[in-house]
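Shared between the two complexes below is subunit A, which has subunit B as its partner in the first and subunit C in the second.
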Partner chain A sequence: MAAPEVFTIAQVPLTAHAFNADRSKLITSLNTNEAQIYGRQGNEWKPEVTLSEHDKLITSIDWAPNSNRIVTASQDRNAYVWSQTTGADGNSVWKPTLVLLRINRAATYVRWSPKEDKFAVASGARAIAVCSFDADNDWWVSRLLKKPIRSTVLSVDWHPNNVLLAAGTADMKARVFSAYIKDVDSRPSPSVWGEKLPFNTICGEYASPAGGWVHSVAFSPSGDVLAFASHDSTISIVYPGGPAVITVRNSTLPYVSLTWTSEDALVAAGHDCQPVLFSGSAEGWKAIGSLDDAKSGAPLTPVSTGSSSGGRFASAGVGRLGTNEAFARFRNADTLGKSSATPGSPVSGGDSSGDTELMTVHQNTITSVRPYEISANGNVAKVSTSGVDGKLVIWNVSVPAGTGGLSSRLGGMHLR
Partner chain B sequence: MSHTVDIPQELKDSLRKFRFARRSAGSAAIIVKINKQKLIMEEVEQFDNISLEDLAEELPEMSPRYVVLSYELKHKDGRVSFPLVLVNWAPSGSETSLLTLHASAFIDFQQTADVSKVIEIRDGADSLTKENIDSKLGV
Partner chain C sequence: MSANFRKIDIDQYDEDTLLETELYDLDPRDPATVLADSKQKQSAVRSALAKGDIGSALVTVLDGAPYGPNVEEAKALTLQTLLLILNSTKSTDVPALLRALPAEAHDTLMKYLYKGMAMPGTGEVSGSVLLSWHEKLTEVAGTGCIVRVMTDRRTV
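Our next item is the complex of A and B:
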């Protein structure tokens, strides 16, 4: 089983990331109002094009694989749809088209629909703008889903039938709406969520037991199951018409992003800085384990972090004094409270050496997890994650053998 | 006064015929759109005896139109009259340049159709209800 591919794109947070259809190009925003397209060269991503049109921070990006269009949403209340055309000199150029969303607050999240003829923009205006292209006027038209949203919409996900839309909001509810647009969609066949659904019909409204903002929602590949992650550290799975909402309570920090890998498994990631695999069925769900094998992350001993701390411990590790705990304590006393060169990492709790690197691959919150590679049987084999530490990591969707979870590893460390 | 959009003679004749058609029951409507490429107004469709809900269905969600409506108005004292009402159908999600063109040509259209009563509908199908129009007509 291969180790995850780790790419350090920047030293600043990556607000969002998306790949093109064949995964040769990556678009991401480095916490600014510009988006950068990178091209894969061997084991690295080289910056190629910068898309700058937005006035304020870009909050979300999505790349439509079939029509090769990019949509970016920003705090400046706008969204731009970018199409690739060949310029006069033969180079490809990305041309932006402004979409007037008619919202009066920032856009927070954007996703193309499965057929790529519509996209949904979640916003702080307590509304979701569903945008479609009006060919007669050569213009993107937006319709707002408003009732009964009472706070910022944090994330949206489309159902495979191109009509239903799930939304997670800060009013602690996950809802399923119908985003049926008259001249764009054909009448959808009845599903478990309902039939004959005019625009803005609510097909379901769900909450988790302790409440908390719903950070992320996702439909399963068939569309018959809905999962959402809330700020009360739970993952809830909804089988409409079946049993009540199944909740998986975790003793970890909350998850902020999730994606389904097959009809009975999903990967969630968030403030714990590692992606975790969950699996189950209508009978019950549980966490299987972390995709992060901490052994391959930053080592546990204090001596080998020389490069990240600027060579401070370069001479350590030689002879008996190097591993002496008392010696290490005095040596590290003057680094207490100093932030190390490692980007954005807090001192991890029970680590007596003062090493400020986390044991996970990601050194800070993972903000986005997306499917990267689909295997032959239709399940997602690899996922990509990006986070506040500026890293982009591609994981295999399988729990490394022998990982009893990070807690057992930490326990093992103290026994030294 | 400069004219941004031309009104062809057939449309003027159509409007006259609509105006003088004898009404017995129900509301009738004629829908006119602006052809942006040719910069002329065109009649889209004409309806006899249509309900307001059906009319709202027929009108596009995101595109401006002029609607001359022969509205069946039932007075409090039992009389039924058919006043001509001009509806400025201009949903806010429409394309901006088309909206501006529509607004600039509106006065012209109103003078050609010779209708004094005007109702503005800017937010789409929800506003095109019987109660709304009755209140605007002062009933």
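Our next item is the complex of A and C:
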């Protein structure tokens, strides 16, 4: 298995990231009110253009692959659609178009619809703005999905039919809405989510199992299954035909982002700092393993001197703590009564690197996981993650071979 | 300048405020039934303990544990019952017992461990017993179990 591609974009958090259609450009925001476009040169990402129009922190970015338009959402309650045009001097420039969101709280999340004729902006105003282009006035107008949302909307995801929209909110619910707009959409064919779908129809409402905010929602490639990750360290997979909700209680810290890689597999990532592959069907779901394998990542990360000699995942019994060098040091000091500090190098000061480094590639929470490369059979072959540690990583969606090692990696996980 | 304005409950002026009761589904049973259930479970646990069957005693007390408002008496009784089990288990038996429990029971047990730790020195609560169970439970169910205790509004 090839090692993941690791790029250190900055020393500050990457709040969101998106790629253009051919993956030659990257847009991300370095935890500021500006978005930065990078171009790929060999093994590096070079800054090219800065998009600055927002007043406050940019919370989410999406890049429409076919129409090549970027949409950014920010805490300043605005969203801008950026399109590339030729400027007066002959160079291409990114021109912003303001969107009339009509929300009175921060915009938290934005995603283009599959046909790229609409986008949805989640917000703290207990509403989702579904935006479409008004050609007469040359601006983007929005219609608000409000009921029955009771709190901040943290994420949205579009159904492949361009009409249904899933949303995860801080009122501990994941919901499926109809975002049908008469002038834009053709009548959708009936699906497992319903037949008649006027705007703001609620097609499903699902609570997180132990009262956690729903951080992330995602439709499966067919759109017939919904998955969501919540702050109670669970992921739930909804089969609306069932009606069955399958819950996987994880032994690690919560996931904040997830994406499907095929009809029976998804990758989730978050506070545990490593992307984890899940697989299953209507009969049940389980964690397969981490994409972050000790062997493939070895040259990039500090070599363990602590107690965990197996793969990173083997020590996942206590979640992220088990992968932390500092934790291992204190645990050794506690249980064995010995300090791992060698004579001559005081515990504090001295070697500042290494001591607090995690054994994962990402050194802090992963903020977003997105599909990167689609293979010939339609499955996602690679995913990209961006993190609070300023890293962007492109992962192969496969748990390292060697089925013998699989069970040992899963040894510490609690599954059901 | 007076700081009293900070103590005004501003939510009462907001018609659209999010109420505590909207955050979780209430227990469908009425308080009297819950209390009767808890009493019945206590006697079931006592007889299981007398037979030395700690595993089934744990399952009994953790299944359908009382939560939500108006069931304080049942909650106290269930904690008492659970402490009875915790205090009478040999520490070497704990890991095997925990591994046999379903995942929901892990979460519920962790809630009670934290509830017990929040009230030291009262009755049967023993800090060292709770801590040793907590350690073993974290080894089995991970930090995710602790996160679920923190997020869950259905407090026991």
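Here is the rule we go by: the second predicted complex is superposed on the first by the 339 of 416 C-alpha atoms of A that agree within 3 Å, B and C clash if a C-alpha of one lies under 4 Å from a C-alpha of the other, contacts with A are read in each partner's own complex, and residues count from 1 in each chain.
Everything below uses one rule, namely that a contact is a pair of C-beta atoms (placed from the backbone, for glycine too) under 8 Å apart; a residue touches a chain by one contact, two chains touch by 3 or more.
Keep in mind the model is a prediction, meaning the values are calculated, not measured.
S.K.: Quick one: name whichever of subunit B and subunit C touches more residues of subunit A.
M.R.: The partner that reaches more residues of subunit A in the superposed model: C.
S.K.: Does subunit B (first) or subunit C (second) touch A:S142, or do both, or does neither?
M.R.: first
S.K.: So, does A:D134 touch the first partner subunit B, the second partner subunit C, both, or neither?
M.R.: first
S.K.: Of the two partner chains, subunit B (first) and subunit C (second), which one does A:N377 touch, if any: first, second, both, or neither?
M.R.: A:N377: touches no partner chain.
S.K.: Contact-wise, after the overlay, does A:S186 reach subunit B, subunit C, both or neither (first, second, both, neither)?
M.R.: neither
S.K.: Looking at A:L100 after the superposition, I want to know if it touches subunit B, subunit C, both of them or none. Which is it: first, second, both, neither?
M.R.: A:L100 contacts subunit B only, not subunit C.
S.K.: I'd like to know which partner A:N91 touches here: subunit B for first, subunit C for second, both or neither.
M.R.: Once the two structures are laid over each other on A, A:N91 reaches no partner at all.
S.K.: Which residues of subunit B touch subunit A in their complex?
M.R.: For subunit B paired with subunit A, touching residues are 36, 61-63, 92-96, 98.
S.K.: Using the touch rule from the top, collect the residues of subunit A that touch subunit C in their complex.
M.R.: 126, 150-151, 171-172, 207, 210-213, 230-234, 249-254, 316-321, 412-414, 416
S.K.: Which positions of subunit C touch subunit A when the two form their complex?
M.R.: It is residues 16, 18, 22-25, 102-103, 106-107, 138-145, 147-148, 151-154 of subunit C that touch subunit A.
S.K.: Contact residues on subunit A for subunit B in the complex?
M.R.: Touch list, subunit A to subunit B: 100, 102, 134, 136-139, 141-143, 182.
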